[in-house]
Amino acid sequence: MTKQRDPAKLKQKLLDLAKELPFFKLIGYEVVDFGPGWSTTQIRFRPELANPNGTVHGGVIASLIDAGTTHAMLTTDQFQMVRDTKGIMTTVDLRVKYLRPLDEGVMTCETKIPHIGKRISHAQSVVTNEAGKAIAIGDATLMIIAGKG
Amino acid sequence: MTKQRDPAKLKQKLLDLAKELPFFKLIGYEVVDFGPGWSTTQIRFRPELANPNGTVHGGVIASLIDAGTTHAMLTTDQFQMVRDTKGIMTTVDLRVKYLRPLDEGVMTCETKIPHIGKRISHAQSVVTNEAGKAIAIGDATLMIIAGKG
Amino acid sequence: MTKQRDPAKLKQKLLDLAKELPFFKLIGYEVVDFGPGWSTTQIRFRPELANPNGTVHGGVIASLIDAGTTHAMLTTDQFQMVRDTKGIMTTVDLRVKYLRPLDEGVMTCETKIPHIGKRISHAQSVVTNEAGKAIAIGDATLMIIAGKG
Amino acid sequence: MTKQRDPAKLKQKLLDLAKELPFFKLIGYEVVDFGPGWSTTQIRFRPELANPNGTVHGGVIASLIDAGTTHAMLTTDQFQMVRDTKGIMTTVDLRVKYLRPLDEGVMTCETKIPHIGKRISHAQSVVTNEAGKAIAIGDATLMIIAGKG
């Protein structure tokens, strides 16, 4: 049986967790907002995240999309089932198409989960620069496996 | 016209550059060895690179594959042409398939560029844990654009 | 220099070409409508397109997305440049995510090209069944290379 | 309980099935040989499979890779479990990277399943022309779901 849950409390707990996670601090990942099936997340460019040519490293953008995808899943009913049954959610694959370089300002990642299935869900992300131009698009395939509770 | 170059000097210069790059220090990326069309690169797991559940974040593995792919290209004839003409090489896309979690030891990424074209090249990577088990496979599409010299 | 062209004539010519192409007849591919950066295309299911279990073969859906992507490009300014310079357009890669089986009716593929670049463009497709449910999503990376005219 | 099975009989049955499948006849798909985790499959080019420019349509190559991947799975222990439990195997996604055009002769597709998991398996294919040059590489993600038997 599913316990009663307070969505606002769960959200606050997840936001606090994101603020404290050492990897997110390391790369400057921040959650702007999120809900069931969507998230807005950001990383501010700093020279420590750059390639030798001064533009942001592709791995930073991949990290932003990967983390943003997880945040878009965390308050879905599907993920609640994972919590309730002690199941697991895994990223089957992650893909990034790089469109433009970026060497200043904030990258903003908008993620949606347009296809949520019982087992497999498909996420789509667009990362934009401060001028609103897309610098990358990404997609991820996620698998949910129910546990025994 | 192509200037005479000393491959050993170029390689040493690139290794030095990789050691000093702030982003590589941040995530602990190290080049074990590389040559034209291949590279062996590593990241040692540490808690700062982990998800809340203690396993390495997918963005770290994506960064390792992205960086390893670049190192596999840097001493190819195609990239030398980029240097000689002041052209550019861009990663068109990067894809990672996650196979197993990892929560300790060194991840080693073996990258090959089995298909090097005049404009488009295709890289393939396998990331293994210390037991030699694949934890992720990746591929990247790279585009080379000659400059005007 | 670019010749004056009549968009309506070009479109009609391309529609006629699609109707006559033997491969399109073979798989039943039809162009419903298209313009610069978008297309609506279809294939009607018939048992000849099925797997042993009676559902449409994945290759049919891949063919629909690949062909629909081309139709979305054919009246763009970028492709006109290819015509004018005798350049080439190639599909660098095609990806299909399969969501649901289909065993009757018409599959409709809506394709857009949200990112058209000088060299690289990114297409996105959604294939739906007659009930409007997505049965597959796809994306393609296209490269345009100008000719010498 | 798993019934005793004769591998040679199963293989012959699957070869016969492939020869009779209308879709395979339509596109000229032939199984050269296959075993657990691998397959060699072919399509002979004919003008009916071509683009307006005379080269093979991308959908034909995608069909060859998709079908070859299935044949590489059909005699694995994992797929036997699907048979035994009346479960299902689905292709989660299929990706094709196009390397060279082809306008004559036989395309041969070599598929391997280097990563077979309990639920998710990853296939890799290389399609070559008669000169042995790669014209496309592909990969697929397959999901196996056990039934109730």
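Note that the chains take the letters A, B, C and D in the order they are written out, and that residue 1 is the start of every chain.
The working rule: a contact is a pair of C-beta atoms (placed from the backbone, for glycine too) under 8 Å apart; a residue touches a chain by one contact, two chains touch by 3 or more.
Fair warning: this is a prediction, and the values are worked out from it, not measured in the lab.
By the document's definition of touch, common neighbours of subunit A and subunit D comprise B, C.
Chain centres were defined as the mean of their Cα atoms; on that basis the chain farthest from subunit A turns out to be D. Chain centres here are Cα averages; for subunit C and subunit D they lie 23 Å apart.
For the pair subunit B and subunit D, the distance between mean C-alpha positions equals 31 Å.
Each of residues 92-93, 95, 97, 141 in subunit A touches at least two other chains. Subunit B makes touch with subunit A in their complex at residues 17, 21-23, 26-27, 47-52, 57-60, 62-64, 66-67, 90-98. On the side of subunit C, the complex with subunit A involves touching residues 95, 97, 99, 114-115, 117, 122, 134, 137, 139, 141.
Subunit D makes touch with subunit A in their complex at residues 92-93, 119-120, 141, 143, 145.
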